[in-house]
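Please see the structure below; I have some questions.
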Amino acid sequence: MVTEKDINEQIAWAKINTDVLESMENPRPAFWVTLAVCVAMVACAVLAEYIQYTEGMGTANLNNPHMWDMYIAAFVFWIGMSHSGTLLSAILHLIHADWRKPIYRFAEAMTTFSLLTAGLFPMIHLGRVWNLYWVLPYVSDRGHWPNFRSPLVWDAFAISTYLTASMLFLFVGMIPDLAICRDNTSGWRKKLYTVLSLGWVGSDRQWRHFRKIYLLMACFLIPLAVSVHSIVSADFAMSIMPGWHITSFPPYFVAGALYSGCAAIITLFILLRYFFRFEDYMTLAIMEKTCKLTFAIAMVWTYLNLIEFASIWYGHDMYNKELLIAKATGPYAPIFWTMIFCGSVLPFTLAFQKLRRHMPTMFVVSLFLNLGMFFERWMIVAPTLSMSQEPHQWDVMYGSIIEWAIVFGSFGWFGMLFLIFVKVFPSVSMYEVKEMVFHRKRSAGEEDLARMTDHSKPVTQTTGGEGA
Amino acid sequence: MNRRNFLKTMGWGGAGAALTGCDLPTTITLEEGKEEVVSYLMPEEYVIPGVGVWYASTCTQCSAGCAIHGRVREGRVLKLEGNPEASLNNGKICMMGQAGVQGHYSPDRVTKPMVRNGDTLTETSWDNAMALLQEKLGAVSGDRFAWFTGTISGHQSALVSNHLDAMGSKQHYVHEVVNNSVSQAVNRDMFGEANPRVRIDKAAMVVSFGADFMGASLSPVHYAGQYAKFRTKKERGLLVQIESKMSLTGGSADLWLPIKPGTEGVLALGMANLLLNKIKVSDAGIPNGVRKLIDEYDISKVAKITGVAGHRIQRVAQLLTERSPSLVLAGPSVEGHAHGYASVAAVMMLNHILGNVGKTIESSGQFPFPQLMAKQGGTADLLAFAEAAKAEKLDAVVFYGSNPVYSAPKALELNEAMNKVGFKVAISQFMDETTEVADLVLPVASYLEDWGTQVPMQQSENSAIHVQQPLMEKLYEDSKGLGDILLSLLKQRNNDEYGKFEDYYAYLRNAFAAMPAAVKNNTTNNNEFWNNTLQKGVIDVASSGGKLKSTVVSFADPVSESANADGLTLVPSPRLGLYDGRHANLPWLQEAPDQISKVVWDSWAEMHPTTAEKLGISNLDLVEVSSAQGSVTLRVVLLKSMHVDAVAVPLGQGHEAYGRYAKGLGVNPLQILDATTDNKTGELAMYSTRVTVKSVGPADSLSIVRMGTGSGDSQAGRKLVATVPVEQLRRTEGS
Amino acid sequence: MSLDNILNHWSDYRKGSEEGGHHDYEHRWAMAINLDICNGCNACSTACYAENNLAVVGKERFEKGQAMHWLRIERYWDQQDKDYPEQGASFLPMMCQHCGSATCEPVCPVAATYHTPDGLNAQVYNRCIGSRYCSNNCPFRVRYFNFYSYYESAWPEPMEQQLNPDISVRDKGVMEKCTFCVQRIRTAKDKAKMEDREVQDGEVMTACAQACPTSAIVFGDTMDENSVVSKLWKKHQVERGVYAKTKLAKKDKDLRGYRIFEELNVDPSVMYLDRVREDI
Amino acid sequence: MSKKRIMGLFSDFEEAHDAIADIRRNAVPGLTVDNVTMTSPIEHPEVEEILGDRPVHIQKFTLFGAIFGVTFGFLFLSGAQATFLVQPQGGKAVIPLPSNFTLMYEMLIFFGVWFTFFAFLFLSGLLKKRSALYSEKVSLDQVAIIVEIDGSLDEPVKELFQKHKVLEIREEVVQ
C-alpha cells in the first residue's frame, strides 16, 4: 500500500505564498454567507443579553436550585474547545510531527477565539457583571482581596494566563508569516502587517531566538493547558455536590477538552479547506491523521467516563449513585444517552478510512461529536443542581429562549471572530509549509523524486528550494 | 339617663354588671386623643428616630382576638408580634396575624366614601355619605333594617347592638364560614356552655374528629400553645386525628385515620359501643334512645360504614380508657352535614362517657360583660339573610367584616337577593365582592389605625379584654374607624346619649372610666389605668366560676344519607393562611405554601391517588369538579392524605374582586355547595356536597416534574426529619 | 510588615476547622428546633417575610423556583408504601444553617460571604457579584438569589412603608439568605454594650423563634453555657465541630438531637430534635 | 574609511551555504563569519551551523520569570490573605496551601511566558527599523547573505557571491 503523502513536496514556494495570500482576499461566497449568519446570531444574543441584563438572571429560567445552567456548560465547552488548538500544536511541535504545520495556525486561532468566547460567559452569567473586576486581585484602600480559595478566582488566574500565553504563542508563530504579508500587500493591510511583524527580516539571529521561544512557549503551554482545564474542573470538583465532587474530573475534563477541540478542528478544517480552496495544504492525509487522533482521544474520554461511572457505582455514595441512575433514567435521560451516543459511539465512524475521507460525512460527524460534548458539559452542570443532597429542592429545569439565544449567539460570536481572523491573517502557516516541503523533499531524496513528480506535476515553474 | 342605660351605652351592660361601678370622670381631656403632625426635628419624647418602639394592640385578622405588639418606627408600624402579656396567645401570633401589616398597607384599600351611581360607584365626601345615610336609614325602621357582620366583639359589638336597638331592629346577621355553631349548640345542650374551655394541654390523649384546632379554628395560636404543652409534658400527649382530608393539625397526629366523609358520628357511636359494652365503662346519664343507638353500632358495622379498620377503632377506644384524662373534639367536617348535630353529639358524648367534662373540658366561667362578648357567626344567618332579602323584607343593610356575596353558595341565589335589598351600606377596607354591589361604601380604617376592644371567643384561664389602639396615623385621611362610624350612626338616632362623645376614642376613655372598679384593681386614677391598659394591651377580667353539667342529649342516628351515592364528597377545607378567603389579598399569605399540599397562589383539588387512578386522572391534571350547583375547573394534586371517597378544594381563592392579589386566582368551592342544612340547627351543611371529578386536560406542569426515583415529597433516604418511637423519647427524656 | 505578620502567625494562619480554625468567636448563635412540636403552620416563614423585607415574587416566578423564602417549611411524607400517611406529615423548617465550616464560604470569588465573630455566616450584599457559586455548593439549598429587581413589583405603594429600615432591600443580582436576624442581634449587642453588660439569653429572638406558636424554635448563644440553646445542645449531646470524634462523642444514640447532613462535615449551627410518634 | 554592507540574494540554499562556508574558510581576508548575517524564508538550522556558535539567552529570562512568578505569587497571596482576616474561610486555614499552590503554578507560567516573550523581543533584534538591505524575496524563497565590511573588501565579496550564483547584489554604506 502506498503511503499517501501529507503534502506534495513539489509545490512551489511561490504558489504557497500566492495561495495563502489569495485566500485572505478572495474566499468562496460561502464564507460571506457563513459570516453573515454568525453576525445575525450575535445580534440575537446581544438582544437577549440586553433583556437579561436589564431584567435580571431570572429571564434565563435560572432558579433555586439551578443557579447555574447552560451558561456555565457553554463556558466549559468553549474552554474545552480551546484546548486542542494550542495543546496539539505544542505537543506536535515538541514531538516534531510536522503534519501539524498546515493546520496549526487556525487551530491556535480557534483556541484564542474560543477562549474569548468562553470569557464572555462568566460575564453573561454574573448577577452583577458591572462588578466583575472584584474578582481580580488589586490593591484597594479597603483592604479587600478576592477570595483566593475560590475556584472561580483560580479560573480568573488560569484563564487570563492561558489567554495570554496562547495568544502570544499564536502571535509569535505568526510573525514570519506577517512579514510575508507585509511584503506582499498594500494599503491598510500593509500598515497592519508592518506593525505586527515587528520588523521581522528572517535573519539568522531572529530565527535562532524564534526557535527557542517557540520551544519554550510550547513547553509552558502543555502544562498550562492541562492545568487550565483541571482548574475549570475544580469549579465542580472542589464543591461537595454529588456528581461534581469527583476525583477523576481533572483528567476527564482535559480529555473532554481535547476531544471537543479535535472535533472542532475537523469542522474548521473542512470549512477552511472549502472556503479558501486549501485542498493542497489541508490534505486528506492530514485529515486522516487528525481523525485518528480524535478517535484515540474519544476512546480516552469514553474510558474516563466509564471510570467515573464505575467509581460512583462501586463507591456506594448514596447521593452520587442516585444521581447517576437519575441521569440515565430520569427526565434528562434523552440528553444523557445522546451524549453517550455522540461521544462514544459516533467516533467509530472515524475508524473507517472511507468515511474519514468523505468530507461531508466528517463535517456532520464532527458537529455531532461537539454536540455530544456540549451535552456532556450540560450533564455535568445541571443534573447535580437538579438533584443534590436536599430532596425538597429537587427540580427539573430547561433554559429559556433567552438562554438559548445567548448560547447560540456564542457560536456566532466565535464564528465571527474566527472568520474575520482567517480573512485578515494567513490561516495556513506559509513559512512552515515551506519548511515542511523543504525538509520532506530533502529526506525523500532524489531517487524518489521522479516517481513523485509523476503523480503530481508542479503547477508553476519552480523557482526555489531546488537544492542539489 | 339611668345607670342601667348608661352601662349599656358604655358596653358594660348585662348580667355581670353587678360589679361595683365608678363615677363618670368630671373632666375628659379630649385633646389627648387628637392626632398631631410632629416634626422629627422635635420628636415626641418617646419617638427616637431609628429606634423601634413596641406598642400593644389586638389582632383582628381572624376572630380569635390575639393580643399583639406592633413595632413602630418613625411613625410607621413595621412588624407585629404576639403580646406576651396575654395568656391567650402568650406572645405568639400565627401567619395571618403576621401578615396584618400587609392588609393595613395594602395598595388596594378603599380610600374615599363611594356612592352608587347607576352601575358604578363614585367617590363622595363623608358629609354627603352621612347625609345619605341619615336620609336612607331615617326612612327605615324596625326589622326592615339589619346589620350583617362577621363575628364581632367588644365595644364595637355593643355599639352595633345599640344601633340596632336605636333603629328598633333585631336583625343582626352574623356570618362566618369558619365556625363552630353546631358544636356550640351541642355543647350548650350537653354541657350548658356554648364554648367551654378546651384543655388540650391537660389531656393525656386527644381524639380529634376533624377539629383542626391549630389550623383554621376559633383560636389557632391559643391551641397551638396548648398543643406544645400537651406534647412536651412528661408523659407526651397522644393525638389521634380522624378526618377525610388531612388538616394542618392532622399533619401532627400520631395516628391519622382517614374516614369516609360524614360518618364520624357513626365512628363515635362505635367507640361508645366498645367503651360501654366491651370495656364496660359506665353508661350513666345516657338516654335510652341513645343507648339503643349505640348498641346498634357494633364494631364490624362501624368499620364497614366508616372505612376505618376495626382494630384501629378498638385500639383507640382502649387507649382512651388507659390515657386519662382524654379529650374528644369535633370539628367542622363533623358538623357540616344534615346530621351534623347528631354527629357532633355522638362525638361529644364520648367526653361524657370518658369523664372528661370538668377535667379537659372546663367551664369558661361567666364573663362579666356579656354585652362585649363575641357575637359568633355561623352560616344559618346567611341563609336567613338570603331568605329575608329574597322576600324583600330588608330595606337597608349595613355590611361589615363579612363578604357574603363571595361566600354564599350559588344555590342561595344571593346575588338576586342582594338586588332586592333597598339600600346596602358596606363599611369596608377593600373592594370585595360585597362592597362592589353596595350602594354606599364607607372606607374603614385598618385595625392598626383604629381604637377598639376585643373579647376573645376562646378564653384562656384568665379571661381578658384585649385593647386595640392605633399603632400609627391613618394612611388615608378619608377613612374612619369602625367605632367612629358607629358613633356617627348612633348620633343620627340618639344624639342625647352619644352626642357628647366627640369620637370613638372619647367614647372608649369614658367607657374605661366607667369600668367597674373591681376590674381596674380598684384604682381610681382613670388616666393611670388607661395608660397602663394601653401599655399592657390586656385587661384581665375574672370570669366568675361556672360549672359544667355533663349530660348526653338525645340525638338522631348520625347516618350519612348520601353515603352510597355516586361520586365523591367535596371537602371545602379552610386553610390557616387564606382562611375563608378574607386574606386572599395579602401577598405574604398567597405566597406561603399550603401546609399540606405546598401549593401557592392558586386553588387545587386534593385527591387520593387511588381515586384518581379510577377516574383516569393523573397528578396536576386540570380537572372539573361538578356538583348539582355548578362546577369549578382547577389543577389536581394527588396526595395520600385524603380519604378515597373525598375530594378537597380549599377555601380562599376564586375572588372576582378584592384587589390585585386576590382577583382572578383559583376557584371558590363555596359557590358549588348544595344548600343542604343541618337538620337541627339550620346551619349550612358545608361538608356534604357530592361532586363528580373528571379530567379535562393536562396542566402545564413542567416546574413540578421531579428527577429520578424520588420526589420532593420523600426524604429520599436522607435523615432530614427522622421519626423516633415514643418509647425512645420516654427512655432518654422522660421521667 | 506583611511578611512579619505571616511568619509570626504562621501556625495560626494554618489552622483549619479541625483545630478550631482562626476565629476568636464572641458569640456562636445557634438554634434548636424541636420537630416534635413543629406543626408546619408557616408562622415563622411569614414572620421572616415581615422582618427581613423578603420580596413576594408572585405565582409564575414562584413556580419557576425563584421564590425568596429564607425560611421554608419542607413537608415530607414518610411511610410512602402505605395507603395513607398514618403518622401525619413530617415538617421541617429549613433556613440557613450558619455552618461553622460553611461550604458556601470558600467558593465565593469575592469574599461576599464570610464568617463573623458571632459565628454567623454573613452575606455582604454590597460585595456580592452574583456568581451564585455559594448556592450551588450549599447542601441545604437555602440561598436565594435576586433573579429580578423584585422590589419593583413586591411593594406597590404604600406597601413599601412596611419595609424594615434596619436592613436593606436587595436589588437584582445579589444572593441573600437567612441572617439569624442579624439586625436584632446587632440591636441587642449595642444595647448591652451601652449598658456595659453581656447580652442576656433570650434578649435576642429571631423573628421565626419569636413567632413560633408552639415555641419549637429556640435561639441563643452556644458560647453562653447557661443559655437554653446550650443546655439543649448539651442535653442531646450534639457538639460543634466537624470530626468524627465529636460525632462519636454522642454517647446515647437514642437522644433526639442531630444536625442535618452531619456526614458532610459542614458543622451546622442548627440542631433539630427528632419528631416523635407513638405507634398505635 | 567607510563601512559597507553588502547583501547577496541566493535562490539555491546549498550555494548560500557554501558561500558562507567559504567566508568561514577565510576566502575573503579580513572578513570573518562574525560579520555575516543570513536571512532566510524558513528556519535553516543546517545553514545556520556554518555561521558558528551564536548563543541564545532567552531561557535564562524564562527561568528568572518562572522563579519570580512562584516567589512573588506565594508572597503576594499569603500577604493578601494574612491582612484580610475577614475573608471567608469555611473551615479552611487563613493561608491555604493547596489553593495558593494552584495559583502559584499559574503565576509561574504567566510570568515565565511574559519574560520569555520580552526577552525574545529584546534579544532577537526585533522592533527595529528594517535596513534598506532587505529583499522581499527573502520572505518568499531566497536566501540573503549580508556582510558588513570595510569598503576595501567590496570586490572580493562580490566575487565570492558571484562564484556561488548570486542572483542579485545590493549594498549600502554605513557611517
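Labels for the chains are A, B, C and D, by order of writing; each one numbers its residues from 1.
Methods note: a contact is a pair of C-beta atoms (placed from the backbone, for glycine too) under 8 Å apart; a residue touches a chain by one contact, two chains touch by 3 or more.
Being a predicted model, the structure only gives us computed values, none of them experimental.
K.L.:
What are the chains that chain A and chain B both touch?
P.N.:
Joint contacts, listed by label: C.
K.L.:
What chain is most central when centres are computed from CA atoms?
P.N.:
If we average C-alpha coordinates per chain, C lands closest to the whole-structure average.
K.L.:
What chain lies farthest away from chain C once each centre is taken as the mean of the Cα atoms?
P.N.:
Centroid comparison gives D as the farthest chain from chain C.
K.L.:
With chain centres defined as C-alpha means, what is the inter-centre distance between chain B and chain C in Å?
P.N.:
About 34 Å, centre to centre.
K.L.:
Which integer distance in Å separates the CA centroid of chain B from that of chain D?
P.N.:
About 91 Å, centre to centre.
K.L.:
Please compute the C-alpha centroid of chain C, do the same for chain D, then give the distance between them in whole Å.
P.N.:
It comes to 62 Å between the two C-alpha centres.
K.L.:
When the centre of a chain is set as the mean of its C-alpha atoms, what distance in Å lies between chain A and chain C?
P.N.:
44
K.L.:
Of all the residues in chain A, which ones touch at least 2 other chains?
P.N.:
In chain A, 144-145, 147, 149, 153, 389-393, 395 touch at least two other chains.
K.L.:
Can you pull out the residues of chain D that are in contact with at least two other chains?
P.N.:
81, 83-84, 87-90, 92
K.L.:
Among all residues of chain C, which ones touch two or more of the remaining chains?
P.N.:
As it turns out, chain C has residues touching two or more other chains at 64-65, 67, 72, 74, 76, 92, 103, 106-108, 111, 261, 266.
K.L.:
Can you identify all of the chain pairs that touch?
P.N.:
Chain pairs that touch: A-B, A-C, A-D, B-C, C-D.
K.L.:
Once bound in the complex, which stretches of chain C touch chain B?
P.N.:
That would be residues 34-37, 39-43, 45-47, 49-51, 56-59, 62-65, 67, 69, 72-78, 80, 82-92, 154, 156-159, 161-166, 207, 210-216, 252, 254-256, 258, 260-261, 272, 274-280 of chain C.
K.L.:
Touching chain A in the complex: which residues of chain B?
P.N.:
Interface residues on chain B, with respect to chain A: 702-703, 705-712, 714-718, 720.
K.L.:
Over in the complex, which chain D residues touch chain A? Could you list them?
P.N.:
It is residues 11-14, 37-45, 48, 51, 54, 56, 58-59, 62, 76-77, 80-81, 83-84, 87-90, 92, 96, 99-100, 102-103, 105-107, 109-110, 112-114, 116-117, 119-121, 123-130, 134, 136, 138-142, 146 of chain D that touch chain A.
K.L.:
So in the complex, which bits of chain A are touching chain B?
P.N.:
That would be residues 318, 322-323, 325-326, 329-332, 383, 386-387, 389-396, 398 of chain A.
K.L.:
Looking at the complex, which residues from chain D come into contact with chain C?
P.N.:
75, 78-79, 81-95, 97
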